[in-house]
Amino acid sequence: MHRTMPKGRLEAFSDGVIAIIITIMVLELKVPHETTIEALKPILPVFLSYVLSFIYVGIYWNNHHHMMHVARGVTGGVLWANLHLLFWLSLVPFVTGWMGENHFEAVPSALYGVVLLMAGVAYVILQYAILHCPGGNPVLERALGRDVKGKLAMTLYAAAIGLSFVSTWISGALYVFVAMMWLVPDRRIVKAMAEAPAAAPEEH
Amino acid sequence: MHRTMPKGRLEAFSDGVIAIIITIMVLELKVPHETTIEALKPILPVFLSYVLSFIYVGIYWNNHHHMMHVARGVTGGVLWANLHLLFWLSLVPFVTGWMGENHFEAVPSALYGVVLLMAGVAYVILQYAILHCPGGNPVLERALGRDVKGKLAMTLYAAAIGLSFVSTWISGALYVFVAMMWLVPDRRIVKAMAEAPAAAPEEH
Amino acid sequence: MHRTMPKGRLEAFSDGVIAIIITIMVLELKVPHETTIEALKPILPVFLSYVLSFIYVGIYWNNHHHMMHVARGVTGGVLWANLHLLFWLSLVPFVTGWMGENHFEAVPSALYGVVLLMAGVAYVILQYAILHCPGGNPVLERALGRDVKGKLAMTLYAAAIGLSFVSTWISGALYVFVAMMWLVPDRRIVKAMAEAPAAAPEEH
Amino acid sequence: MHRTMPKGRLEAFSDGVIAIIITIMVLELKVPHETTIEALKPILPVFLSYVLSFIYVGIYWNNHHHMMHVARGVTGGVLWANLHLLFWLSLVPFVTGWMGENHFEAVPSALYGVVLLMAGVAYVILQYAILHCPGGNPVLERALGRDVKGKLAMTLYAAAIGLSFVSTWISGALYVFVAMMWLVPDRRIVKAMAEAPAAAPEEH
């Protein structure tokens, strides 16, 4: 008989890694030597890319929070699927810095999309691993439905990667648009929870 | 029916982010190459701004601790209001470094105030989000009253921003004064808790 | 009478340290100044060594997770054995950076193996400390058996250290091989847990 | 009536800050550009000071762990006493780097002692705050007794500060000696716990 383990440490470890990722990005904001307002101008694109990435990482934490809230336990497979997601998120500071310091040029903007796309793929794999834990997860299953939102986001990332070479304004606009789309937290899970009061998490 | 989620992960994630913010500021204290006591002198303003920011971030953690202690659960809105607060706090190391390395000049001192002001605004929004969770929060409501302390702090930040251009001694003194004012932890919450023993948090 | 303490904080502290270790390695990926795909080429070995070390640290976290899950409490000795393990893991970013920036040359590759070997030894000591906590730990004992996997890994690390001076391709291949070997999480513990339902952890 | 709050978040936040402090020290170990064993020689004093500081921070975490284990709850005063301790610990990476990069010269060695001494003072204040929480803490009180060990450590730090200007070999030896003295975890608490089974922590 397979058994699941409590999810507490997976949550704590993910919280730690995501907290560090979201915070070390700010180290890319190098303190300027002058003390005028103009001295802040060259930092502006770095700052804007920081804001965008902060929101993206925030979205991942938020959705992760909602999804793990309805998970009933974890298996070895879930642990690795989660580490895989954290791996791609850990590359966000690098691509954010590269894009920001180069004023949103083509290749860095495309690579930013690649990392977002891979993080999206990793999130889907994690969802899949949780859905296939022993006992299944009907609440999450109902909440996801056909996961239109997830599929749309990944299609738009893929489009943005290609369109980076046409105009980084378009790809940038797409990244902002997908972020806005996700800013509304996964109400599907909240809704599915409300409809299925009996499917409360097994433990802590 | 709306439901709230347990607050444990929001607390853990906030603890992580605030712990990192408070600690990476110390990285601005660059190790000097000489080994005399004089070699520490140029670091003194950086050190003083580190102390000030450590206290400010400590105050936020402390008040956050007290406020979340009486929160009864979280919603998607609270999660985002909290991320918004963490965003502004994450900028504290940057403005601390800028102000410290430039011996408290006008523009960096003003920007320091802007970040403190925005963090204050974000904190008020988070308070509001918690007060408007399903079921309300009478303990927090009573503790805050008309929130004179919060409003005074923000007025003083705004004044300090403007006064930075007159004298950074005045703005600096105001930042220190507000910090002192908050160093006394939010006894209002402790008091309101003592008066309303039945309003204990719903869940860990 | 000896008593054990709850394991919650040891887990939380380890999660924090490992989360930081796994994340600061990404800081070695220095943002290039050009914006071409070619500009990423010199970073490739750094990236590959990052991937390898991410997997290794992930494996340690994963196995630590499984092992602590069946631990029934901690003693002062376990706390120190755990800190000793974290010490060696904390050196992984340094040796990863040295190896990656120097395209897997002999001495850095060997030192990488030394750190992996010492972390392996530290892990064995931690296992030993947990097995010898008051009351013992029959589940972990059964799961480990003669710990063939652990002994094999350490033999291969030792071999890789020596073989680094023959060819870093061989030592690199051995590091990848051992990682693959561990990627399968410690099913022994899951299996032993399933067979001994009564040996559940004493406390959260 | 005064009430205490649960100690969970104070522990989690302290774990986070201490985990970061212990880990960012390793960033001072700069990756050398050559790939010979000789290239590691200049790093040796940095490495040795890293080991010493890792042990010191580990000791603080360990003792903090034992002390908070018997604490029955926290007050606003305890929160601030704890932040004060974390402040001094946060300066350890700075003084470690200064001492290590300058081969244990007089002023850096003395400053290292100052930070250790202040951390020791902060720890005593935290002990005092916990002992004076509403309801007191007879277990901790009995465990501490006259706190000979704590007083001896601080006397030795003070001596080492002065002796740094005579010979840094003496001050270094004293730092190592005090660390060894503390490496034995606070058995006093374990012992006092065993003698007073009824004084278990109030919550969580």
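Labels A, B, C and D are assigned to the chains in the order they are written; within every chain, residues are numbered from 1.
Keep this in mind: contacts are C-beta pairs under 8 Å (C-beta built on N, C-alpha and C of every residue); 3 or more make two chains touch, one makes a residue touch a chain.
All values reported here derive from a predicted model rather than from experimental measurement.
Trainee: Just to be sure I understand the contacts, which chains border both chain C and chain B?
Mentor: Chains that touch both chain B and chain C, as defined above, are A, D.
Trainee: Please indicate which chain is farthest from chain A, where distance is taken between mean Cα coordinates of the chains.
Mentor: In terms of C-alpha centroids, the chain at the greatest distance from chain A is D.
Trainee: Rotating chain A so that its CA atoms sit on those of chain C: what angle is that, to a multiple of 5 degrees?
Mentor: Between chain A and chain C, the superposition angle is 90 degrees.
Trainee: Centre to centre, by mean C-alpha position, how many angstrom separate chain B and chain D?
Mentor: Averaging C-alpha atoms per chain gives centres 26 Å apart.
Trainee: Between chain A and chain D, tell me the centre distance in angstrom, where each centre is the average of that chain's C-alpha atoms.
Mentor: Here the centre of chain D sits 36 Å away from the centre of chain A.
Trainee: Show the residues in chain B shared as contacts by 2 or more other chains, in ascending order.
Mentor: Chain B, residues with two or more chain partners: 12, 16, 19-20, 24, 27.
Trainee: Could you please specify the touching residues of chain B with respect to chain D in the complex?
Mentor: Touching chain D: residues 11-12, 15-16, 18-20, 22-24, 26-27, 29, 31-33, 35-37, 39-40, 51, 54, 58, 61-62, 65-66, 68-69, 183-187, 190, 193-194, 204 of chain B.
Trainee: Per the contact definition, I'd like the list of chain D residues that touch chain B in the complex.
Mentor: On the chain D side, the touching residues are 1-3, 5-6, 8-10, 12-13, 16-17, 19-21, 24, 27-28, 76, 79-80, 83, 86-87, 90-91, 93-94, 97-98, 101-102, 105-108, 111, 204.
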